[in-house]
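One structure is given below, represented as structure tokens, and several questions about it will come after.
Order as written gives the chain letters A, B, C and D; numbering starts at 1 within each chain.
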Amino acid sequence: MTKHIEVEPEVEFEDEFVTGLKKVFEEMIVFNQVLGLKITSLKSTQVRGRIDMKRDLIGHFSFNRLHGGVISAGLDAMGGLAVMAAIGARHMDETPMQRLHRFAKLGTIDLRVDYLRPGIGEYFELRAEVMRLGSRVASTRMEFLGADGKLLSTGSGAYIVS
Amino acid sequence: MTKHIEVEPEVEFEDEFVTGLKKVFEEMIVFNQVLGLKITSLKSTQVRGRIDMKRDLIGHFSFNRLHGGVISAGLDAMGGLAVMAAIGARHMDETPMQRLHRFAKLGTIDLRVDYLRPGIGEYFELRAEVMRLGSRVASTRMEFLGADGKLLSTGSGAYIVS
Amino acid sequence: MTKHIEVEPEVEFEDEFVTGLKKVFEEMIVFNQVLGLKITSLKSTQVRGRIDMKRDLIGHFSFNRLHGGVISAGLDAMGGLAVMAAIGARHMDETPMQRLHRFAKLGTIDLRVDYLRPGIGEYFELRAEVMRLGSRVASTRMEFLGADGKLLSTGSGAYIVS
Amino acid sequence: MTKHIEVEPEVEFEDEFVTGLKKVFEEMIVFNQVLGLKITSLKSTQVRGRIDMKRDLIGHFSFNRLHGGVISAGLDAMGGLAVMAAIGARHMDETPMQRLHRFAKLGTIDLRVDYLRPGIGEYFELRAEVMRLGSRVASTRMEFLGADGKLLSTGSGAYIVS
């Protein structure tokens, strides 16, 4: 492991950056749209999102249960978003557009998901934060919660950032 | 770790079991239908599937690249299918319908995916096999390949089986 | 995934159980002794341990850095200890000795470790807690910290409990 | 994910490189010495090693069973060795000493281990190969086998290479 760069302190993003990132994440990444994954909070130190239950996302016919793949896909996407927010905070000297272009260079190296409890409910909350942002690799932790706040799944991921 | 039960030798499944398993996997698990995930080979020792590229599965707008979540979701589903096939082979004394009912009891404990190369191509092949089938837990290995046979991602999973 | 059983509320362990568990963990599991892994806190909801730096644990000759395997071994052991504490709390109707015997049935299914920062320091703190204790499988999260409280590594594991 | 560089074809290493790498791996990485981890085969496309059972490595007093941490530590070390061999093969234009210095820059990003069967036996074989060697990140797969060739554990890891 190499010398690390600490995650920056909390910064306030401009509306242009937030709007742009939401557009990229919720619309241009088509599969996120299939999942119905929406950003609900975008801070440089933690991001949150939401998925509403719908028929398309069912993994188990008889129990109206979320497919495990919706959880892994959602957590992977949220981990990437958390990295993007942390990178955005580190490069506040760049224009919002320049920072958004950094999203194209981001890639998941690997992902682990632990399924704790069945995904049943009307909607779900997703949370992600960056544990370490290096110059080449970022590590994240993610959580998938039920509408009642109960922890349903946890995840961790590594992302290439440059 | 406890005493293990070896994976059974290759058995030939009846048409009724194969047809039933395909129906459950490709249709009743709705999210698999969203992924377009089809079974192409169903052996007790290895299962194979296929996903055709389509707009809904895009993860990166500018490169027409598969979303990482399609890969994790597909590998999770295929790992479960491999376990189901191995369980099916162990219970050939039961009717096909009895064996199919065992699918409802299957659950993913955890999943790891390593993303090696970008998912670009007209279609993708998925493979999964059971490394160990215990009385309570099964461990699997999965692969995600491009149309040219190149390895794009690998996965491993643990499943609860009873 | 199946119906889950919640982790029990905090219980106070008897001295006999604590002493017995320390003896098993720190002495009878010989490799823990090689690591120098000691229990510093044993609660039913979280366990803590400590490893003092010593020459045997070096992974990188020129930097006096901890071997990654010390971290993975320590986190695996601590995850198992957290499960043991949670199981102990669930079976307070049994004698301490009966509960200690449950340790023999515990096994790691799988483990993930994320290495965030190099393991340099005079001693290290390890923490583990159970995210879900089922009747057959338990899931845990672990942390490996430096003497200054900085997070050096994180882990998650699945354990078979019966 | 970025453009990948393929793993080089098999190359024959000079004695000086092999001897140097064995010295670093088996002696200078002190904890590998504690594990008794020896290199038995060093190819640019696959590496193999061996651990002899000894009292220090016991994880379960009553069964004379290997500690899970010996397995995770050994697999982590072997994954790193496989990356080192692949890097060595890519830089055959450098002197053996220059290539050996690259070892110092190598770091584990994350590791997953699946424990399939209990580690019982007089000795164990470890195998590792690189699935993808990028300019910044390498991904590996590892196996831990019994003296009878039975697969006891599998692993996968991501390493930073520059």
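In this section, a contact is a pair of C-beta atoms (placed from the backbone, for glycine too) under 8 Å apart; a residue touches a chain by one contact, two chains touch by 3 or more.
The shown structure was predicted, so the numbers you read here are calculated from the model rather than taken from an experiment.
Chemist: Please report the minimal path length, in steps, between chain B and chain D on the chain touch graph.
Modeler: Minimal hop count between chain B and chain D: 1.
Chemist: Have a look at where chain A meets chain D and say same if over half of the interface residue numbers show up on both copies, different if under half do.
Modeler: same
Chemist: Using only Cα atoms to place each chain's centre, name the chain farthest from chain C.
Modeler: B
Chemist: Please tell me the distance, in whole Å, between the geometric centres of chain A and chain B computed from their C-alpha atoms.
Modeler: From the centre of chain A to the centre of chain B is 25 Å.
Chemist: Report the inter-centroid distance (CA atoms only) between chain B and chain C in whole Å.
Modeler: Whole-Å distance between the two chain centres: 32.
Chemist: Rounded to the nearest whole Å, what is the centre-to-centre distance of chain A and chain C, using the mean of the C-alpha atoms as each centre?
Modeler: 29
Chemist: Spell out, as numbers or ranges, the residues of chain A touching 2 or more other chains.
Modeler: Each of 1, 107-110, 112, 114-115, 118, 139, 156, 158 in chain A touches at least two other chains.
Chemist: In the complex formed with chain C, which residues of chain B make contact?
Modeler: So the residues of chain B touching chain C come out as 1-2, 105, 107-110, 112, 136-137, 139, 156, 158, 160, 162.
Chemist: In their shared complex, at which residues does chain C touch chain D?
Modeler: Within the complex, chain C touches chain D at residues 24, 28-32, 34-35, 55-62, 67-70, 72-74, 76-77, 104, 107-115, 118.
Chemist: Going by the contact rule at the top, pick out the chain D residues touching chain B in the complex.
Modeler: 1, 4, 112, 114-118, 131-132, 139, 141, 151, 154, 156, 158
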